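What follows is a short report on a single structure.
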C-alpha cells in the first residue's frame, strides 16, 4: 500500500517531466535529451538559493523556477533555434550537448555528493493504510493544478491552439499567418516552466545529485510515448502508470530494477502501440 | 492596377530550378487558370508567390506592393489566401479552430462571429461539423473546409492548388462549382488545376506552363479552341515526368 | 618507454574500432545510438566469460561479436520503422538496463566485475608480448578499415547515405529503408562487440565503471569532429580522446583544479562541442567522399 502511495507521488513527478517533454517533442519534433538535466538544474537552484543564500524555501523555489525557465529559453535561442532548418536528428544531438553542459555546470558549482533542501521537519500524516508527508501533498496538488492549466492553455487559449496547429502541420501554420517563431518561443517557455516545477518537487522528494534528473529521463520518455506524444493528459497518465509500476516493482521484484521496468514498458508500447494509447488517428 | 503581378519569377529547391522566369497576372474579379503537365512548376509558382519557396529573382506584387522580401506570415496577413493541395487542414484541431485560426488573434469576438457566419453560408455542410475534429471529416468535407479556411479572412486573392486532386470523382463537380461561386462573390482566384479542360472552361484567362516557363497564355476561350493546345495539353494527358520537389 | 607507447597505440586501435562502428551508424546512416557503450560492454563481458570458462579466445571473440550484433537487431526492428528519435531513446534505455544488470548480477561479478581474464598471446614472454599484441590489434583495425571501406563503397553504402541525406530518397525506398538501417545498426554494434572482446583480453579485467555512458558521447564527439570518412572518424576520435586524456596531467603541472573538476570540465567541453558542431560543421573535417565522385570532380577540374 505504501508503495502504491509512493508510486502515485513519483508518478506525478514523472508525469510532469513527461509533460514538459511532450510539448517540445510535438512542436519541435525531437525528444529533448536535456530534459533530465533541466530538472536537476531547477532542484539545485532551489538548493543554492535556500541553503546557500538562506532564502526561505518558497521564494527560493519560485526564483529557481524562474531561473530555470530562463535558462531553457536561453538554450533554445542559442542551441536549438539556429538548427530550425536542419534535420531533426541534429537537434537531438545538440540536446545531448545541452544536457552535458548543464550537468557539468551543476557539478562544478555544487559538487557531486548527495544534498538535500533544508525543509522544516516533515510530519507524516497517517491515512489508515499508508501515510503521506506534506511534501507529497504539495507535489500532488501542484501537479494537478499545473496539468489543468496546461490543458486550458492548449485547448482554450489562442496561443495553445496555435501551438497545436504548428505541431500538426508546420507549413500550413505558416500560410495560416501564424507567427511560428513566437509559437516556438512560447512552447519552450511553457515546457521550461513545467519542467522547472517538476525539478523543484523532485529535489524535495528524492534529494539532490547531479544525476537526479538524468535518472528520471528514461521513465519520462516511456510516459510520454505511452501517453502519445503531444497529449498533455496522456503524459500525466503515463507518468502515473510508470510511477506505480516502478514503485510496485521495488516491492515485488527488487529496487534495483526500477529503470528496467521503465525500459520494458517503453519497449512494449513501441512494439504494440507505437503512437501511444491516446493517439486517435 | 492588377491584383497580382508576377514577373519573371525564378525559384527552385536546392540546386534545381523549377521556375525559370514565369510571369502571370490576375485582375480584379478574374478567375485565372494555370495548367500544364506534371512538373511544369504550377504548384511551385503558388508557393513562391506566398514565399514558401522564396523567389531567387523576378518580382511579385500584390496591389503594387512587392512581396518577394516579405515572410509568408506577412504575405498571408496582407490578404492572400493560399490553399495547398495536400495537408490543407489541421487534422487534430476542431473545424471551428481550423476556421478561426485564419483570423488574426486580436480580431474582436463579434467580428470573428460575423466572418464565421459568412463563411458557413457558402459552406453549410460545415455548420454541424464545427465542434468535431477535422480528422473525422470525409475527403470532400475536408476539401470544403480547406476552401472555407481560405475564405475566412475575406481575402483579396485566393490561390488554389489543385483543389480536386485528392478527392473522389463525384466530389470534383461540387468543388469546382464552389470555386465558381467564390469567384461570383467577387474574390479573384488563381487556380492551378490538372483537370485542364474543366479549368479553362470556367476561367476568364489561362496560362500554360511547360518546364518552368510560360508556354502559352490568353483568354481561356481561345486556348480551349486552339487545336494545338487541344492536342498538346488537353487531349491525352502527357506522361510527364513526376519530378520530385527535392532531388538529391 | 616502448611498451608504454605500444599500449597507447593499442588503446588507440580499440578506440578507432569503436569510432568506425559508431561512424557506420551516425556518420553514414544518421542513426543516433545513445547506448553504444553498452555494446562495447556486452562484447567485453561475453568474451571474458567465455575465455574464463575455457573457450579459446578466437572463438570467444567471434561469439562476442555475434552477441553484440544480435542484441542490436531487435532494438532496430522495434524502433526503425518509427521515426529516428525512438532509436535514440530506446538505446539510451537499453544502456541503462545493461549497466544496472552488470552491476547487480552476481555471476558477472557485480560492481567488482571479472578479473583474471586471459591475456592476448598470454604464453609469450612479457618483453615481446606488448608488441605482438599491438601488431595483431593493428592488423584487425586495418582489416576492419578495409571491410568498412568496401561496405560503404558498395551500392549498399550509397543507399545508406541517401537515406541519411534525403527524406525524399528514403521515402522512395519505402519500407526497405528500415532494413538498411537495421543492418547498419547491427554491423556497427557488432564492431563495438569486437572492440570489447579485444579490450577485455588486453587489460585483463572488466567492471561496470569502465563502461560509463559518457564514453558514448566522447566517441560521438570525436567522429563528428572527424567527419564521416573512415579515416576522419578514427583520427578525429583518437585526437579528441588524446586531448581529453591529456587534461589529466594538467593537475600535475600545478593548476589548482581537482581531478573530479577536470572530469566535469571535460564533460562541459564535449557538450559545448556537440552544440557548436551541429550548427557549424556538421559534416566534420573529413566528410565521406564516394570514390567515383572524387574522380568526376578531378576530371571536371582537368
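All chains are identified by letter, namely A, B and C, in their written order; residue positions are counted from 1 within each chain.
We take it that contacts are C-beta pairs under 8 Å (C-beta built on N, C-alpha and C of every residue); 3 or more make two chains touch, one makes a residue touch a chain.
Here the structure is a predicted model, which is why all the values come from computation and not from measurement.
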| item | value |
| --- | --- |
| Chain located farthest away, centre of subunit C as origin (C-alpha) | B |
| Chain occupying the most central position, where position means C-alpha average | A |
| Centroid distance [mean C-alpha coordinates] between subunit C and subunit A, Å | 31 |
| Inter-centroid spacing, subunit C versus subunit B (mean Cα positions, whole Å) | 51 |
| Separation of subunit A from subunit B, taking each centre as the mean of its C-alpha atoms, in whole Å | 42 |
| Of subunit B, residues touching subunit A in the complex | 50, 52, 72-73, 76-77, 82, 84, 87-93, 97, 100-102, 104-105, 133, 135, 149, 153 |
| Parts of subunit A lying in touch with subunit B, wherever the complex brings them together | 158, 161-162, 164-165, 167-169, 171-180, 230, 280-281 |
| Residue numbers on subunit A that touch subunit C, as the complex places them | 25, 29-31, 33, 78-79, 82-83, 86-94, 96-105, 107-108, 112, 217-218, 221-222, 225, 254, 256-257, 259-260, 262-263, 266-267, 270-271, 274 |
| In the complex with subunit A, residue positions of subunit C that touch it | 30, 32, 34, 78-79, 81-86, 88-90, 92-94, 96-97, 100-101, 103-104, 214, 217, 220, 224, 260-261, 264-265, 267-268, 270-275, 278-279, 282 |
